Amino acid sequence: MGIQTNALLVISIPLLGSLLIPLLGWAGLKKATGPLTVILIGAANILTWPLLLPVLHGGMWHWSYGLYRWISLSLTVDALAVFMAFTASLIATLIAIYSLGYIEHTDDEPEYYFIVTLFLGAMMGLVFSTNLIFLYLFWEIAALACWRLIGYYREPDYIWKADKAFLVTFGGAVLMLFGFVLVFLQYGTFEITELRGHEIGTVALVLIMAGVFSKSATVPLHTWLPDAGVAPSTITSLLHAAILVKIGLYGFARMFCNGMVISPRAQTGILIIALASAFISACAALKETNIKRMLAYSTVSQIGYTFLGLAAFTHNGYIGALLYIMAHGFAKGGLFLCAGIIEHGTHTKDMTKMGGLIKKMPITAIAYAICALSIAGIPPMAGFFSKWFVISGLVEGGHKVIATLAILTAVLTLFYMMKSFHVVFLGESRGESHAEGVPVMVTVVAILAGLTILTSILLQLPYHLASVADGERLLKLATLVWR
Amino acid sequence: MQQSMRLFLILPLVAAILMPWASKLGRRIADVLVAVTGLGLMVLSLCFIPYAGTTSTFQLFGAQFAVDGLSLLFLIVVNAVAFFCILYSIDYIDHYGGRAKFYALMLLMILGLNGILLAQDLFSLYVYLEVASISSYVLVAYNLKFDGIESALKYLLLSVVGTGLTLMGISLIYLNCGTIGFEALKAVLSSIGIGAASPVFLLAAGLFMAGFGLKAAIVPFHAWLPDAHPSAPAPISAMLSGVVIKVAGVYSLIRIFLYIYPAPSQILKIFLVLGIISMIAGAIIAYFQSDIKRMLAYSSISQIGYILIGLGIGNPLAIMGALFHVFNHAMFKSLLFLNSGAIQYRTGTRNINEMGGLESRMRVTGATGIFGTLSIAGVPPFNGFWSKLFIVMGAVVAGKYVIAFLMVFFSIFTLGYFLLIQRRVFFGKLNMKWADIKEAPLTMSLAMIFLAATCLLSGIFFSQVVQSVIEPAANLLMGGK
Amino acid sequence: MNSDILLLLFSGFLAFMLGVYILFMYRNLLRIIIGVEVMAKGITLLFLAAGAFQGKIAFIQSLVVTFIIVETILAAIMLALVFTVHKIYDSLDIQLLSKLKG
Amino acid sequence: MLLWILLGLLLVFLVLCAIFRDLLYMAISLALASIILAIVLFHYGANIAGVFELSVCAGLITVLFVSTVSLTKDSDQKVESRVPVYFLPFIILLFLGLDFFIVRWLSGTILPKDLTQQAASTATFQSVFWTERTADMLGQIGLILAGVFGILALFRVASKEKQHE
């Protein structure tokens, strides 16, 4: 199987396969929709494996199908794309398995699975496409999938929050599209590969960043993300860990880290926004008592951190950011799924009403602890190394003040993570009696915790992948390929 | 092949004449007759796609008609939407009664619209415009309730003034150059040039702008539309909003100002200004409506604004976007009106505050409603996205950044108020009042599914649509430059 | 341009304006229909002026005949609508048609 | 001179339409205006159009109108102009002035006939109507059908309701 077919299959299996799910639902086979989803997403994940080795050796493939004048479907298989595809689909597979135990109580199963699969399909399309129009297209498919999923429980209040999320991300994305059009006006192309090394104007950059920041929930545009916590826990997990907020990060990495060039001033601006976002939301997380909102603010904070790494435009910073995407994906996915189990067991999201859960839910507690340690950046965990790389990348780029403040934020993270573990799992039990979750759910949580440990032990592998994906080297390769 | 274009006029006429006898023979026979005619017309219009790049003329009873790229695009829109609306009305018209008359009037409306597109001079255009309008006045009043009749009267009175102005323009044109044929006029205008030499043409242009602008419901002339659309039966609202305002209004404006007149910059500026006002005013007023069909009606005004802006910018990209938006708006706005009709059919209300959670009871209506919403807001991969993208790109290329930004902003706004509809009507907890309502009947559901599929497929395969029908039409308009 | 044609144009425009005036300024629906008819007279005159100026009476005559038919059918439909309004509402006052104010 | 008198009378009758309070008088003055218009048409040699104007507008529409007036007789006819009647002369003066300027402007700007190179045609009405304007013929068939079906549709429930009563 060629690289091209392989990559196309990775995109089309979830994207087109998702259409089968409502058909199954209409055919009365509601029970089959869940396993089918697992199969589709899992297949997408397994198909990314054969791509890993070639890209590790520095391979890069690019082809494009012209559609209409300057609009063409261009696909690129490189380390960055494969890395994102692999991480996202792996986490999504686990979440889909978890859903089997979690979602069966509600009546709209086919719709749920349909949109989850479509969501992942959009993500796969996004990571492989390098035409700005198609980037936008998949970006919006993800947004509308997320709209339906956040409002899944259909409470009037929840729907309003879903609409809010959709409007904010759609608005940002449309502005971003406007920015793309300005870029097009300047250089006459929508191909990222052709835009490589060109500096873009400030207005276009501001517009594009509006889209990126709204999608990745960075501080002025972040409010939809904590509100999105009204969705089922699997969905929040999907949004935070695997797909949605990572889209903004990926978009930034794809467009700017080895593509278009931005001025140093703009770079400083982005760094400051990212730092402010990381710091402010860490403070917010400290005060929050709703477990899902606390985790959501933590995501906003970590996303800010990742942006710091990406926007440093240095080798170490870039590696740190990619590692961060992976480590945060596993750990935050695990945390949200733990939160889901806890919510199932205690019927509350308020942390002050929990306590002493470690006795009732030992596996969940351990998994939560491992994931929290990773997020907080405790040394042997992957989270630590990624943070370390980000900070050293910042220093390398000469942003010493920002690096210092970033360390302060990391301390805050440690503080609220430990506090939440303490409140939820230790101490006296304050609620009714609870039981451990359904086996399939607990297993998934355990696997995610295991993956967190595994990435820590085998850090060498993702590190290698990330360093291959690094912009500078890619740029060299690209000049070879494109000449 | 070209001679079969006669069928665009003959088929609906003959079917309309046969309708009373068909309904005497049996209800189903009338249904079949009208559906077959509609399907035939749609297939016929699609058959001509390969000939989009050429102008083909044909004779009917000695009269000259012609189809060029521009007419063909509109023919496809008219006949496709008409077929879906006919399909929809088969089950829908049950509670209105007068089935045969309804079908006959609808067919005559199609005849009129096709005639507008095939006509080769200004006066024939006017005559067919009246055929379509007179049928639509009666169809708006079809429920014979107070609201229907009063909005039909309002529509009629304003239209009469509009067509009166148009006729004045025609007589001035004839007075000035002794011809009213399109081609002849085009030749005369290009030989003498427009502007200081003949201000009469500009006066006539103003009259046409007002007259056809009224038919297109551009903002200062829009007063009839928000009344006429809600009180008409749903398939008629869909036809009015999807097709009639475009053919009677936008097509005539395009034909006159971008084809006959060599697109003088003053007129394009007026297009631009009116378009912006329509876009903004329509969207803002729509936001405050609680009647679902009124909201859709105002949003039609807003979308017509987009089309006008595209025409007013006047570079190939924007014109292509505008023409594509004509196609797209016909599809998704008809779809949305049919959705609202299905809701009204089952719940008997149009007030969006009384609905809620209907999605769980009306699956097809709910799902197709989402398609319509996303299309109109310009969310990819639906078709509305591409046309808006083209118009915005045209504006940016022309250096009109503010206008481009306004369009972008109002597409967010559009999504905002359509999400409001979604939230109050479909999404959300089921209002217990509607616990035992059912999905709309078969043909209604089918029509909605077809339209939704068109919205999605023409978005995914936009390049084929653009290349096969939109580009020839745009080339025709840009040919003079 | 000879004075007869100017006169025709003059009376045509005047009749049109009168028609529009009657259309918008009166409240009785039947009177409004008269307004439409007056407007139609004006348009007929304008057509006649154009035809006379161009020396193509035969051509303009066929347009006028078509126009007269349109006008008649329009009048018939309007009268039918007004009759139906009257049947429902027992009044011809346009003010009672609330939405017509806008 | 004849034309001046005819058009003067025509305008007087049209203005009377706006002045009369009684709908019947109004209809009659409209009919008279139609008759004069027909004479004007005859004057220009547009005989068939004149006949149509005479029979259809002066005849048919008046009959339709009068019958509608008598059918709706019981309703109040007091409702009058939005503007007091004594404003009418001023408004007509305004129209006259406006009209004067339009026509003066037009007479100065209309292209001379020789520039548009249109020879006066000797074609007869029949040849034009039945050969050049057949497109309109088809439209007229559609119009008449629309009128017929329209009126049938508008009166359909009326008959149904009577059955219920």
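Order as written gives the chain letters A, B, C and D; numbering starts at 1 within each chain.
Keep in mind that, in the parts below, a residue touches a chain if its C-beta (ideal position, glycine included) is under 8 Å from a C-beta of that chain, and two chains touch if they have at least 3 such contacts.
Remember, it's a predicted structure, so these values are computed and weren't measured experimentally.
Taking the mean Cα position of each chain as its centre, A sits at the greatest distance from chain B. The most central chain, judged by C-alpha centres against the centre of all protein C-alpha atoms, is B. Of the two interfaces, C-D and A-B, the higher number of touching C-beta pairs belongs to C-D. If each chain is reduced to the centroid of its CA atoms, chain C and chain D end up 5 Å from each other.
The geometric centre of chain A is 43 Å away from that of chain B, both derived from CA atoms. A straight line joining the Cα centres of chain B and chain D is 31 Å long. In whole angstrom, the spacing between the mean C-alpha positions of chain B and chain C is 27. The set of chain D residues touching two or more other chains comprises 106, 110, 113, 118, 133, 136, 139-140, 143, 146-147, 150, 154.
Of all residues in chain C, those touching 2 or more other chains are 9, 19, 40, 51, 53-54, 56, 60, 63, 66, 70, 73, 77, 81-82, 84, listed in ascending order. Multi-chain contact residues, meaning those touching two or more other chains, occur in chain B at positions 123, 127, 130, 134, 137-138, 141, 144, 172, 175, 178. Under the contact rule defined at the top, the touching pairs of chains are A-B, B-C, B-D, C-D.
Residues of chain B that touch chain C in their complex: 123, 127, 130, 134, 137-138, 141, 144-147, 149-154, 156-157, 160-161, 164, 167-168, 171-172, 174-175, 178, 223, 227. Contact residues on chain D toward chain B in their complex (touch as defined above): 105-106, 109-111, 113, 115-116, 118, 130-131, 133-143, 145-147, 149-150, 152-154, 156-157, 160. Residue ranges of chain C in contact with chain B, taken from their complex: 9, 12, 16, 19-20, 23, 29, 32, 36, 39-40, 43, 46-47, 49-51, 53-54, 56, 60, 63, 66-67, 70, 73-74, 77-78, 81-82, 84-85, 88-89, 97-100, 102. Across the interface of their complex, chain A is touched by residues 357, 360, 374, 377-381, 385, 389, 392-393, 396-397, 404-405, 408, 411-412, 415-416, 419-420, 422-423, 427-429, 462-463, 466-467 of chain B. Chain D contributes residues 3-4, 7, 10-11, 14-15, 17-18, 23, 26-27, 30, 33-34, 37, 40-41, 44-49, 52-53, 56-57, 60-61, 64-65, 68-69, 71-72, 74-77, 79-83, 91-92, 95-96, 98-100, 102-103, 106-107, 110, 113, 118-121, 123-125, 127-129, 132-133, 136, 139-140, 143-144, 146-147, 150-151, 154-155, 158 to its touches with chain C in the complex.
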